[in-house]
């Protein structure tokens, strides 16, 4: 097996085992309702995590994701509720501003040669600050279009529902995987994460790819923000604080190396589902205090990185020896 | 010679930036530099900057070594919460304060060593390695306090957070002491050189006979210890351990301070004093916004602007334009 | 009237203040006394986590759901889902912007009134003297912050001698309360211009009291301190003369909620839509030491 | 085509790094159907010129012309689009991607906008076959040896070179057969009208394939000559600007080990890495290690030094059994090790020359007995001078030095620790004639001073010149030990070759 596939398989196996064990304890976890919830409740996180996967594959990181989600929510709410725009126009506006925002961060990362960590940290402050400057309150959105979208539900036997946003996330994952693995842009992203100097000498348009990666991440974060606003019918400047950390965790748990160059978009999907499983398990249990969520997610992160280390080390040795 | 060196040191961009921020504060708030003597201690906005900036400065003192080894420690905010929780629950449970303080410091050190273990021995990338404790640590702190703000009135803990020595706030005194100690530790020994060597090229360092694992353990351990000190200070400051809020997002400020202080996230050359200056710049902005009555929403925006400013000044691009004489970084990274 | 044996989910905001920790503790205590199997989920200040928790409760098929909503907006869909699953929802301590038929009832204080009670106390306390008040607001955009500000302003309106000279958010936390108060003091001529501080909760007030002491002033005398919540620490401050007044926000929101549910299950009694808890004022005259003793083990 | 007839041309190109002039008004022209060797000492500016010709760097003066037309190349991509394929020095492509993707990155065959993997892998297989490589194109590049990676890099450049092929030291890690195969390909491409630039430090290789030679020195163009018109000595003279005495390929008849035994490795080995070997090393001798690429020489050196721990056998130092499981153990016993990959494992690029020199000594002294700045200056100055390190200042970052000077810095680093035993892995790889001679001189001097040395080198002539004994490795096994009159290139080659055809493992 290709050695970079191994962490992905490991993640999938662990998810399956964890889910099976949870079902043994709470049979209710195995219902269409819970499965539908996994998609709907994690839709915004999943979409943002697809963008984060690209950034991390390219060897960067994007700390501004949560703030962009928050900003988008506020922008969309303001445009719809205050300015009377049609939601689709507001969405287009949000995506366009995010593209510009991400593009600027990408330009800074590339041309100022500053670590992405710090550039996107500034981006995070800027987006969060910008959202708070627009409004300090939570702005409700009520529009037929929103109602219509929330009514787009496929009901499953057993009370489960597949929502529009849940399916949208799945679609984004599929498209993301295609882009990562089957397009030039995708190969450039991996190239950049593998070795940016080699990549540039091999003719990878480093500047364009870097800018593209951050643009993509910000746009997906904005899409996540739109989904969040559909999910809550509101825009709130403090929404989605720290979501970037969840996204990073999902990416890492999904088997992508934080140093870049190795990983899979679909791994991130499993990562997101696993985080969702932990939360749902703790809710089902109901006696575990919330801090257990943090402790368990920390422990999971630990488990996965150690596992990946071992798998990676073993496969490197194995392949050199054979 | 030394005079000229001292002068050229004064002229570095960080100190200039600090002076700049302080001047802006002064323009916006004319009493900014007013210092009075109040109950045996200095009192004024500048003192607030020194006092409020101390926790981040202390975090930065620990963080700078980590960053110089090409690492980063995301867990310091959570470790602050853990240390505060440990100290508070122990004194509330009736243990003598010195025991509580020592226990908190040990716990911080342990947390740091745990990070160091992941990075040095298991060879895990620092961001993920310390993300583990960043996520789990706050959970552990809440586990210790059972979700409550554990309040106390123990004189020693309160003194650490709010006392004063020679007119200066205790937090400031502690920060200065740590600055001096850590600077001596890294510069009067070979540790500083070794940290830089490991940061520049760990493989080469190992082959040159540097015990890079021990060194990494030391560096992360120190960062954990510094976080514990900062945690004690913020707990003492409010006479309570607030597992939820203590140190929340301060790791970002600490990293920012280090970067503003001119240490690259790519590792290598570092400066402890300049990291502290970085922390003071951040706090001077915070305090400035508060005293001038600006809405705090702008705080984040000003911070973002400051980062961009510093980045542009420090970027190789600008160096190329401004000082043509300095060597230029290689293409790519 | 009985709720014993029922499975009830409780989606709590988090534990940002002493008061909220107490609310959690009291809710647990109430559930235990009444034989309720309480499923507790702490959202760590995030609405998305609360929505997840509620949907988790629905999937699990609980008998009822309690929610302390972190923000007012964005609840329609999930509440509708609960309604469709025929699970009654009770809101605790904060309200929502959603059609009233989506929840059984809301147990909360009148936050505007809380602000007003605090303001009225101040109006009384200063009489005709000029008074510059500094205000420590709660979390930006949260309903208690908005309402308590509004109520206070209502109470001092028409009293031109009282003005709010500075107002900043202290995030409902002690440390932010202290830091912001320090800045207020510096910005107002070393507090010479401040006559009172109004904090949207006690935690911030406790922080502010320390800042005032650090400035060499006497809180409670040089600067009046009034706040909301009535947590134990503010009573020891009142007992020590360092704080002047607090408006009680009872942490026992679950009790009335369980009562309402019990009645509803017993014979379908629809409870009142808004069950308003009392907003009682406590001052130095209300036996602060005694109040402290009574509350200190309540899990504050 | 323009009047000059050059396919690719640099006119008056200037490149300045900081205040260092790397290229000073260099003219360089390349015609179709010709192989043009570019020579010069380390730091002469060869790679810089290549980078300017291919858009990786922008010139500070002068211009680049393609087919006589001035062009401005902002990125390597533009150069690729013009049919210029390049193997850059020390660039190992992308170890994290598949072999096929490395070959096709940037011009993958597509199918409705999506990469057609099957076709890409099929084509890759065909391309690699031409180089005698039969590997799975879907496998990760990093899983292959350096030599294979180098061949993939060459294959990629060839594929991209419609017009011009540039090879910057492509042979540094190839063995004889592979070099021969590369030359065949070069001749073939030349016959098809490609213009080819070839950079190397091996003079034989220059004479084997080139038509023209251009020599750079200190960033200046010295001369361009038709190869038929010059001799080897001419070329060396052009490069150095002086004659140097270069020892011929004769063994050291008088260099029998005379000193006492210093080290005794018995059954020393590491699973999956090096078969257990026996080796006795005396004071005052140089043990040369010969072998094909990938024969495990580096790995043997690493376990001797404790960089990888041996898991069987034992080592005695001066008769005493000792354990060496980490470099620090080895260093404590007076070992030193100059690794093969200078950049990745040797130098601390951002640290100063001074710090790079004293660091191993300081490591030996420990954390708490820091050398003062003055002491550091003195030590660095002393060894810098002894090794003739050419640096503007001891405080400049070592990464700004050329390869040969960096190698001298690393050697100085170990000499500063006053070692008893030095392991040098390819100490002369990729460095120029001058630095080369300097290092060979140093090896001889150290042996005369009584040090024990193990020197790994792929240049058989060179090993013969300074070794007291030679061990030959093959397939991770020490297969022969030669001494006395057996030390000659012929015997060594035979030793490698015999065993190669002999016992299969």
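Order of writing sets the chain letters: A, B, C and D. Residues in each chain are counted from 1.
Keep this in mind: a contact is a pair of C-beta atoms (placed from the backbone, for glycine too) under 8 Å apart; a residue touches a chain by one contact, two chains touch by 3 or more.
Bear in mind the structure is a predicted one, so any value in this text is a computation, not a measurement.
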Practice problem: State the pair with the higher C-beta contact count; candidates are A-B and A-D. | Solution: A-B
Quiz prompt | Interchain centroid distance [CA atoms averaged], subunit A/subunit B, Å | solution = 30
Exercise. Can you check how far apart subunit B and subunit D are, centre to centre, with Cα atoms defining each centre and the answer in Å?
Key: 43
Quiz prompt | Inter-centroid spacing, subunit D versus subunit C (mean Cα positions, whole Å) | solution = 71
Practice problem: Could you tell me which residues belong to subunit B and also touch two or more other chains? | Solution: 142, 147, 297, 330-331
Quiz item: Can you list the residues of subunit D that touch 2 or more other chains?
Solution: 56
Exercise. Two or more other chains in contact with one residue: find those residues in subunit C.
Key: 14, 42, 140
Practice problem: Could you run through all the chain pairs that touch each other? | Solution: A-B, A-C, A-D, B-C, B-D
Quiz prompt | Sites on subunit C touched by subunit B in the complex | solution = 14-18, 21, 24, 42, 140, 166, 168-169, 171, 173-176, 178-180, 182-184, 186-187, 189-190, 203, 206-207, 210, 214-216, 233, 299-300
Quiz item: Where on subunit A is subunit D touching in the complex?
Solution: 2-4, 178, 181-184, 187-188, 190-191, 193-195, 197-206, 261-262, 316-317, 319-321
Exercise. Using the touch rule from the top, collect the residues of subunit D that touch subunit B in their complex.
Key: 17-19, 56-57, 305, 307, 327-328, 331, 337, 339, 344-351, 355, 359-360, 362-371, 396-397, 399-400, 413
Quiz item: In the complex formed with subunit A, which residues of subunit B make contact?
Solution: 72, 118, 122-125, 127-129, 131-143, 146-147, 243, 252, 255-256, 259, 264-266, 295, 297-301, 303-304, 307-308, 311-312, 314-317, 329-333
Practice problem: Name, in rising order, each residue of subunit C that touches subunit A in their complex. | Solution: 9, 14, 37-49, 51-53, 55-61, 71-77, 85, 97, 139-141, 146
